[in-house]
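In the two complexes that follow, subunit A is the common piece, with subunit B as its partner first and subunit C second.
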Partner chain A sequence: MAIAEQPAAGRVARPRFSAGGVFRTVRHYGIIPGIPLFVLVTLIFVGAFAPLISPHEPNKQSLLDSNVAPAWTAEGTSNNLLGTDRFGRDQLTRIFYGARISLIVSFVTIAIGGAIGTLVGLTAGYFGGWLDSLLMRIVDVFLAFPGLLLAIVLATVFEPSFTIVILVASLLIWPRFARLVRGDTLGIKPNDFVTYARITGTPTPRILMKHIFPNVIPTLLVLCTWEVGAIILLESSLSFLGAGIPPPNPSWGTMVLDGRGQLEEGWWISLFPGLAIMTTVLSLNLLGDWMRDYLDPKLRHA
Partner chain B sequence: MSRYILARFLQALISLLAVTIGVFLIVRTIGDPVNVILPIDASREQVEQVRQSLGLDKPVLTQYKDYMFDMMQGDLGLSYTKRQPVMDLVSERVPATLQLGLVSLAITFFIAIPLGVYAAARKGSWVDWVSRIFAVLGQSIPVFWLGIILIQLFAVQWGLLPAGGRGEWKQLVLPSVTLGIFLISGLMRLTRSAMLEVLGSDYVKMARAKGVAEQIVLWKHAFRNAAIPVLTFSALLLVGVLSGAVIVETVFAWPGLGRLVVESIRSRDLNVVQGVIVLFAGFYILANLCVDILYAYVNPRIRF
Partner chain C sequence: MTPSNALVQLTDVQKHFPIHQGFIIRKETGAVKAVDGVTIAIERGKTFGLVGESGCGKTTMAKLILRIETPTAGTITFDGKDVHKLKGSELRAYRETVQVVFQDPYSSLNPRMRIKEIIEEPLRTDPKFTKEQRKARIEELLKVIGLRPGSATRYPHQFSGGQRQRIAIARALAPSPSFIVLDEPVSSLDVSIRAQLMNLLKDLQREFHLTFLLISHDLAGVRYLADTIGVMYLGKIVESGGSPAVYGKPLHPYTHALLSNAMPSHPNAPRTEVILTGEVPSPINIPTGCRFHPRCPKVMPHCSKIEPQLQEAEPGHWVACHLYGDTNGAPTPKETAHATATSTAAGNAR
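The block that comes next holds the complex of A and B.
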């Protein structure tokens, strides 16, 4: 067992790719991070190359082929592996393109909301005092606001669009980033390396970015993983309510909505996009949980 | 204690004011209700006429003052599309949402608390595993999809329960179970971690050492102390009920406030959306206030 523990200390060692290496990695880290990671890599691949690997056009209607069952059922054809919806659109193609929508929304949101939250958290934690109190008060107000309702107000006032979904999601996630990063910053600030940097006259922005920020990254990685899941759930819920990504874009939430009125004719129309949402969010949550346990040395050996 | 309550009360009032101003500003200044009511090719006189009849030609501050005064008298304005007072539309829908919310909360507490307590007491047992699966799935399943799958199975496939609507008790089963499953995971995780913390404490060890029955240790010594964070979480649970209700009511055609909001988004009936959101926010702030006061009452360390 002592030997198996060894690679944990050698995490800095450059990983070399080989079949034996993969096997050793799996044996060391366990199977838990592997499965969700595989799912997520697949998802990113599918989203990125959707136009190349899709068998059909996502919005091409073909009323002759409406409500075709999945390929393995008696009425199914190999032309539409996961069947078609009311308008004869290929479900598999739309799920591929839906992955793309989920990825774009969550990455842009993380980039905007995460960056703002991190900046606020660093500032509040580093400067402390009245600035900290003020910023955290604002954070509390935002955290307390029921997010879905805010989204609904905005979606009623503006036409539903990508921009609104991203805006709403960013408004919801930045306070969570701010709170967590502030907590970490408070813990990092008393360290000697921060004091030395200050004594040697390092400009404050440089201290924040070069000395404190790198130490926050592990926490940020975990939070980002969880939040991407939360954003995908929010986006699909909004789309389902008609306040999210506008049709005919193949958002997974919209696809579930499309199948809602067709339960008698086509059970598959809602089922598969919902499974896609669940698998993705589940993978993100499991990976996030695993990362939190792995990156926290106190929990690692517990 | 009374000073603390007074301070919290003032804070709640300020929050309520902030929410109403925020919603009001968004709805009145960014979105123009006139565009929603009139067709695009409406003449200038028509626009002016509607503007005047809705009081939109006055300064925003005056409009806000009027709105607040009316609201205190229980008047939330008129629905643009249904030509009915918003208050009537809302009060028609309140009982349905209340019923759904209370039943699902009952289901949630009934399952989440024992599951959380026993998962903590027997760490690693099958109860713990069930609770973990619940926790992870509950966080990952989209509520609206869960509802649809339940309809597919119980209504379409097996014909056991009705797919939607409100009237007989059978129609309450699927929506409240769906909302319940959505709420259970959070409460259960919290109960479990609060219990784990308390079970490691000295007084629990002491109670066990002197031979107190395990059930009494669990519920009387441990759970009573673990209940404090659970109590605080109840306020968050209410947010879950409200936002969950918006989705669940839509899926099951349950005629409550959530469905009213979604219908109003579709018809872009700003006054109704504004009224319901202000009501939800007020309810939420009130619930938070109650929990805080209760919390201070239960936990002597908080008293200021």
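The block that comes next holds the complex of A and C.
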């Protein structure tokens, strides 16, 4: 940004990737975004390539190898680095595949819930009046939903499934997007560039998409980051309660549930998926916090 | 007031914003009279300077002309056609012929659009232009306003306030308009940049035969560009006339006050300072009679009772004030007795 703001100054061409470049980047942005970003890139990599990098099959049971301790303990073997659960399934493999499930659920939910919420927020904020009041009251109603309860009810009525989890998460997430996007829209609308677009007779959908939406994107990025964390947590909670991703799919929540009954003899069964949940959500929250500050023009120029 | 070559003609234009009160049963309890009966004519190829304090309705006038607001009463015609009744191709033509430059160049350019996209905006709806023609037009315009051609792919934040305002001017010029509303175009810029920009506007006007409506609170700045001046106070024109007449011999006490507070051309130039007391009254409760009377240094007793009408004090120089002329605020028969009594009293007092 600092370079871009001085168009007159001649820019020195420098190689794109170098140790010095990395050092400068870290010095410029600080260390905070690096660590969570690294965790998340690893997570996405692991999720995307789970079948290639996993040492075992995620759902292959082997009762002879049940409750094997992690490799570095006295009873552990190098065959199962993080040990096995009571069905003898490899923990590491299941954590890799669990990352995949978390990612799929959160991206689909963000795509559905985020899109609906953004659309509602843009509409309410731009048109205002009774439409705004109506839409925001609906948002209020949805925000008052007890999410876990809703999910458990739905999972009892229907069979627990991916669809139910995504549906519940989307229902819980869209009002938050709607509320935030509406607020931003209200702030952007009085700008003269929007007025100018209206004067020149620009069609309203184009005003929303070309003039308002691009200016909401920074806020949306921050919210998406936080919400992915919230969705992963929700999915894990639902799975832990038996209302989420149905077994034998290796959801992190289900894995914590599996180890719950045998914490004394097999502490690793619950611990590692639990750590995975915590690291992921913590990284997302930290990254979201950092992005919020970084994208805030008031703080950035200070 | 109605020269034959008027390009834009406003006739008794009013804009009242209703005020609603009440929680469930909402009642209209009053109105903000932003523009309260304005009649002006803007001559072809000339600059009309509209001057007044903030909140006097200048910007609302601009919005009425630009069709963002519809007038409560009165008509605005452009080239003889009622602006607010345009439809279809006529409306599209109007939107290109009439352009605007806003006060704040930080708010008027979308920060997420490249300069070329910004300048292209008003051309997009015009089927006359092909993509290549639009591109050529953008380059041409950048040259006209004095920015390097490479600027087209940059974003607004990479430019200074003055450069941004030039970009806003380029955008306004893009569809080859004949009339541009300049809403305080230089007041948010550094003083050093202002003269530059005003010269640019002057050159552009000559080159492209433009008509300007220049809105400003800075009477001295307007002098440089405007051929005709209209002084506005609380939604009404209180004085209007040719620029030399208004500056050389201001008639209305309000114009006096505005001019006396402007920077003199020379520090030793003789001047009498008129400092207005009190605040601008709220446009919700406009004072009775002359709307300037609570702050007027030359107030007379009947000023608070009879509203002065705009009248030609000298050829081409109009003023709405009881100080000038006998016909001013000619009392209606009903009020005659009372009004005569008060005006005699005023005469004696003096």
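Note that the second predicted complex is superposed on the first by the 283 of 302 C-alpha atoms of A that agree within 3 Å, B and C clash if a C-alpha of one lies under 4 Å from a C-alpha of the other, contacts with A are read in each partner's own complex, and residues count from 1 in each chain.
Quick note on the criterion: a contact is a pair of C-beta atoms (placed from the backbone, for glycine too) under 8 Å apart; a residue touches a chain by one contact, two chains touch by 3 or more.
Since we're looking at a predicted model, the values are computed, not measured.
Per the definitions stated earlier, placing subunit B and subunit C onto a shared subunit A by superposition produces no clash, and the two fit side by side. Counting residues of subunit A touched by each partner, subunit B versus subunit C, the larger count belongs to B. By the touch criterion stated above, A:L154 is placed in contact with subunit B alone, subunit C being left untouched.
When the two complexes are overlaid on their common chain A, residue A:M278 makes contact with subunit B while staying clear of subunit C. Shared-chain residue A:G266: touches no atom of subunit B or subunit C. In the superposition on chain A, no contact is made by A:G117 with either subunit B or subunit C.
In the superposed pair of complexes, A:G125 makes contact with neither subunit B nor subunit C.
Touch criterion met: A:G229 reaches subunit B, while subunit C stays clear of it.
In the overlay built on the shared chain, the residue A:F193 is in contact with subunit C alone; subunit B does not reach it. Our summary of the superposed model lists a minimum C-alpha distance of 9 Å between subunit B and subunit C. In the superposition on chain A, no residue of subunit A contacts both subunit B and subunit C.
Of all the residues in subunit A, the ones that touch subunit C in their complex are 4-5, 7, 191-193, 195-202, 210-211, 214-215, 217.
By the touch rule above, subunit C contacts subunit A in their complex via residues 66-68, 91-92, 95, 100, 102-104, 107-113, 118, 121-122, 124-125, 151, 154, 157-159, 171.
Residues 141, 144-149, 152-158, 229, 233, 236-237, 240-243, 253, 256-257, 259-260, 263-264, 267, 270-271, 273-274, 277-278, 281-282, 285-286, 289 of subunit A touch subunit B in their complex. Against subunit A, in their complex, subunit B makes its touches with residues 15, 18-19, 23, 26-27, 30-31, 136-137, 139-145, 148-149, 151-152, 155-156, 163, 239, 242-243, 246-247, 250-251, 261-262, 264-266, 268, 270, 273-274, 277, 280-281, 284, 288.
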